[in-house]
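Following are the structures in question.
Next come two complexes built around chain A: one with chain B, the other with chain C.
And now, the complex of A and B:
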């Protein structure tokens, strides 16, 4: 009787190509993500009167509300990202390099903070800076005035503060990781050579932190562009961003085509920024690997 | 101008742990002082206290005639070279070397000249436009030394600078450091190491440290030939440390009377006799020790004999023997009185 012949692994692999294994996740992705996205795109070129055209795009682009929303979205996102980068870099520096009691606990709290919903921050700011909040309460209690001086939460500055507060830990997390990799001997040697703290931060720490700053900053920028909860909860008058415009067109005005047009613009903006982020991080990672 | 260093009773604590205990040491201007000791002995802490990276809980640190205890690191004027080079990876070699000069706001022309001089001195002039990643470990350490020398420090601190290098590179760098010191005799060097060869080769004096304390200090020859503690004797080179008793008639190793100077040892007090293995001879002679060969090791140019004498192991390093005694053979070892040192017992750190 002939001996059974073992099928080599390579042959077995050829019978069941690996690409077939990709089918289930691709199908799931298509069903839950790509299909709705395609529907949004399709709806944006399908006016209510029937047929297909880009007329809705022309209409929406011509609206002052859209242009305001686009400007608000970009300005708030850029401002919040810049604020989060500056504040996050400073706080991460302190936590990583200035030993103080509770520093490690704060580092761990950053991780917990990342899991908080964004509206919670707005709510907390309302408790602190709202018209009947703690800050105004302290002021009115101390001065006997009828109203406190803090009245910015319902302005773009309130949105900006809330977004900076919420997104700063997203910058800090990768920075803390980068700082933990930084050789502290470099800082010691720099100091012994005569460099003061600002020069050490500028010339030794910052160049090493740049990839993490770019990664954290890009992430925050994309998240800010799409932030809805903070703007809604702040209730800032006249502060309409693209996500809020989508909501108002779709839910309040029943203009689904217009909402889809704004959504497409929002998605295009996010994808363009993501592309920029990938280009930047790939280049920086390349430089970093070459240096290592 | 040469600058000396002085530690006056410096104590450093981390919480309840004392990592440097009442440390007193004076390093003369232009001297190379090695801080030699095992891990955790406090040698790096002493260096960091001098550089300003740890704050003493007690005591004062002086560089030259300045009390620098309260000065921040950037105002102490010391150059520093560490084990892992700590070069700034995003800067080219010349920018690394220029870093300290720029931090001190030196004029541009002076920076260019001094960077060139430091790189020339360390043999790295040809690598000025390379990044640290493009250099070998030895070359990176040369750049680190050039960077420290460029600021023309009065004091150069070297913290295990050769530990990351392989044996061949280490030997070459050791010779380079010795050459640099000859060329820059004004620089006072504090050299932290756990490697006795580095300390013996490079240092004018060695401070032996253990358990956060200074155990011994002297010239390499002194410490090797006349150690003052059991710890120094065993840490610098190898040593036979034999428990002996000082009697009115002399020194005794169990039943064997020895003719060695008792020095100031009190009669009846336990003491430790220190004899270096290469100073022990085979055969009859002064201070004869009879025993049984436990082990014979051939080491190329030498034979090492391990002999059990009066219940103690005595090691003798002898020029290669044509017919070494086999294990179990009865042999006689001897040593000259002037090659032995009597140490206080219980000074092993």
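And now, the complex of A and C:
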């Protein structure tokens, strides 16, 4: 066994407080984030009458409104993620591999797009497909009908369209990163061996893009599960998702225990998926390091 | 190059534009155009007017803008300080992974639930913050800290340790190394993180809807209130105000960044 190496005093003095330096930010986060979350969990098992029970859970699970919200949330999130993946893959593919005037500008535009709030999309869709909007105006102008045919904004389809629009850039960004690392020589070799574009995409590009597709997709899935602004702005009474249910239970009904139960379910769903996302991205980073 | 035939390339580019423009560029264009109109029941809106903007300049919309900017600036500063501190302190520590997971957690938790949790925690003494502007600022800070922490951590990973080692070997104290070496080197990423935090906080609606008191109404809530009562066109003007402010700040921040990078 090797002799223990003597740590110089100066180094030890400098290392020692390092762990204590972590305390203030962690304490701050604990006070305003972790502790409140724990209280939400606590409140969900503490009905108003006092004592502790899972009665609130049985209550909430029995409500049709909750089951509808859960189903809506999952279906819309899965649908929006699938849509964003397909659309994002195609758009990123064209930007990266089909030379394009102004492709750089589009990259910057995407960055700006990502920093705008989601509800702007719904607001815009109201002008395009709303009852007095552009599309319906076109229709009534052309046919003379009293009302246009587009009336889907207040249904789950409206939410789905808005979410696909808003979340597609979140898929495109990691994809563009992955594509920029792809050797174009690989594509040229494949092409010179006689592979046509669809085959190159399927056998060369897609395998390379798979990790970033998975990572982007699970991030978008989590964000869709948590999305509130888009659903709120559609103003659809028929479309309730879990975050909307949390809001209406707590603020409109004043039922904190019920809201906490729904919140716990929502957190569990999102955290499980977020864990998956982190695992995928960590593995991706590991792969990249291994290759480099 | 993936596609060699010129015709296919044209077709792909056309398909791209046909998807990209309506889906991504149109929303902003539509909101901006609508803010200048009184009616929209055709291809183009009608009744060009600046009334909505005049209303914005007079009414309490400016209050909402001030509220939003104050909230966003305070929350961004809090998030940057906490996130940077944690990133710096966790560097090289065995707790690093745990800290990263902890600080990224607020992204995974629904914003509405972050709002609810603050309501539950701070509605009774000794921490009675419910109904104050502080609780809104706190919520925003919690939500954007993850982004500040992430970008500073990434920047620290790219930082060449030789600089600080050189400074330390020349006898500079850790504090001096931090202030004179690390922070200046981190400045570009810090300003980028600041811009992102500001933008996200300006547009935050979910947690704010759970928490805002009547005397602290940020701009997104105002936009929602307008569209909810059917005032779509004034709502669009408010939304343009929100986008323009965010863009201006992002632009200013990116100018600072280029300057810092050139130095």
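In this section, the second predicted complex is superposed on the first by the 263 of 292 C-alpha atoms of A that agree within 3 Å, B and C clash if a C-alpha of one lies under 4 Å from a C-alpha of the other, contacts with A are read in each partner's own complex, and residues count from 1 in each chain.
Throughout what follows, contacts are C-beta pairs under 8 Å (C-beta built on N, C-alpha and C of every residue); 3 or more make two chains touch, one makes a residue touch a chain.
Computed from a predicted model, the values in this text were never measured in an experiment.
Asker: One more residue to check, A:186. First (chain B), second (chain C), both or neither?
Answerer: In the superposition, A:186 contacts chain B only.
Asker: Quick check for you: in the superposed arrangement, does A:195 touch first (chain B), second (chain C), both or neither?
Answerer: first
Asker: Of the partners chain B and chain C, which touch A:119 in the superposed model: first, second, both, neither?
Answerer: A:119: touches chain C, not chain B.
Asker: Which of the two partners, first being chain B and second being chain C, lies in contact with A:266: first, second, both, or neither?
Answerer: A:266 contacts chain C only, not chain B.
Asker: For A:254 in the superposed arrangement: first (chain B), second (chain C), both or neither?
Answerer: neither
Asker: For A:149, is the partner it touches chain B (first), chain C (second), both, or none of the two (neither)?
Answerer: neither
Asker: Per the contact definition in the header, classify A:43: touching chain B only (first), chain C only (second), both, or neither.
Answerer: After superposing on A, A:43 lies in contact with chain C but is clear of chain B.
Asker: Contacts for A:100 in the overlay, against chain B (first) and chain C (second): which applies, first, second, both or neither?
Answerer: second
Asker: Have a look at where A:32 lands relative to chain B and chain C in the superposition and call it first, second, both or neither.
Answerer: second
Asker: Going by the contact rule stated at the top, is it chain B or chain C that touches a larger number of residues on chain A?
Answerer: Result: the larger residue contact count on chain A belongs to C.
Asker: Please report the chain A residues shared by its interface with chain B and its interface with chain C.
Answerer: Chain A residues touching both partners: 188, 191.
Asker: Can you check the complex and tell me which residues of chain A touch chain B?
Answerer: Result: residues 183, 185-186, 188-196, 199, 203-204, 207-208, 290-292 of chain A touch chain B.
Asker: Using the touch definition up top, name the residues of chain A that touch chain C in the complex.
Answerer: Against chain C, chain A makes touches at 14, 18-19, 21-22, 24-26, 28-29, 32-37, 39-40, 43, 87, 90-91, 93-95, 97-100, 106, 109-110, 112-113, 115-121, 123-128, 130, 132-134, 136-138, 140-141, 165, 168-169, 184, 187-188, 191, 197, 200-201, 205, 222, 225-226, 228-229, 232-233, 235, 242-243, 246-247, 250-251, 256, 259-260, 263, 266-267, 270-271, 273-274, 278.
Asker: List the residues on chain C that touch chain A in their complex, please.
Answerer: Going through chain C, the ones touching chain A are 1-4, 8-9, 12-13, 15-16, 19-20, 23-28, 30-31, 34, 39-43, 45, 82-83, 85-86, 88-90, 92-93, 95, 99, 101-114, 116-122, 138, 141-142, 145, 174, 195-196, 199-200, 202-206, 209-210, 220, 223-224, 227-228, 232, 235-236, 239, 242-243, 246-247, 250.
Asker: Touching chain A in the complex: which residues of chain B?
Answerer: Against chain A, the touching part of chain B is residues 48, 51-53, 72-80, 82-84, 86-90, 99-100, 103-104, 131, 133, 144, 147-148, 151, 157.
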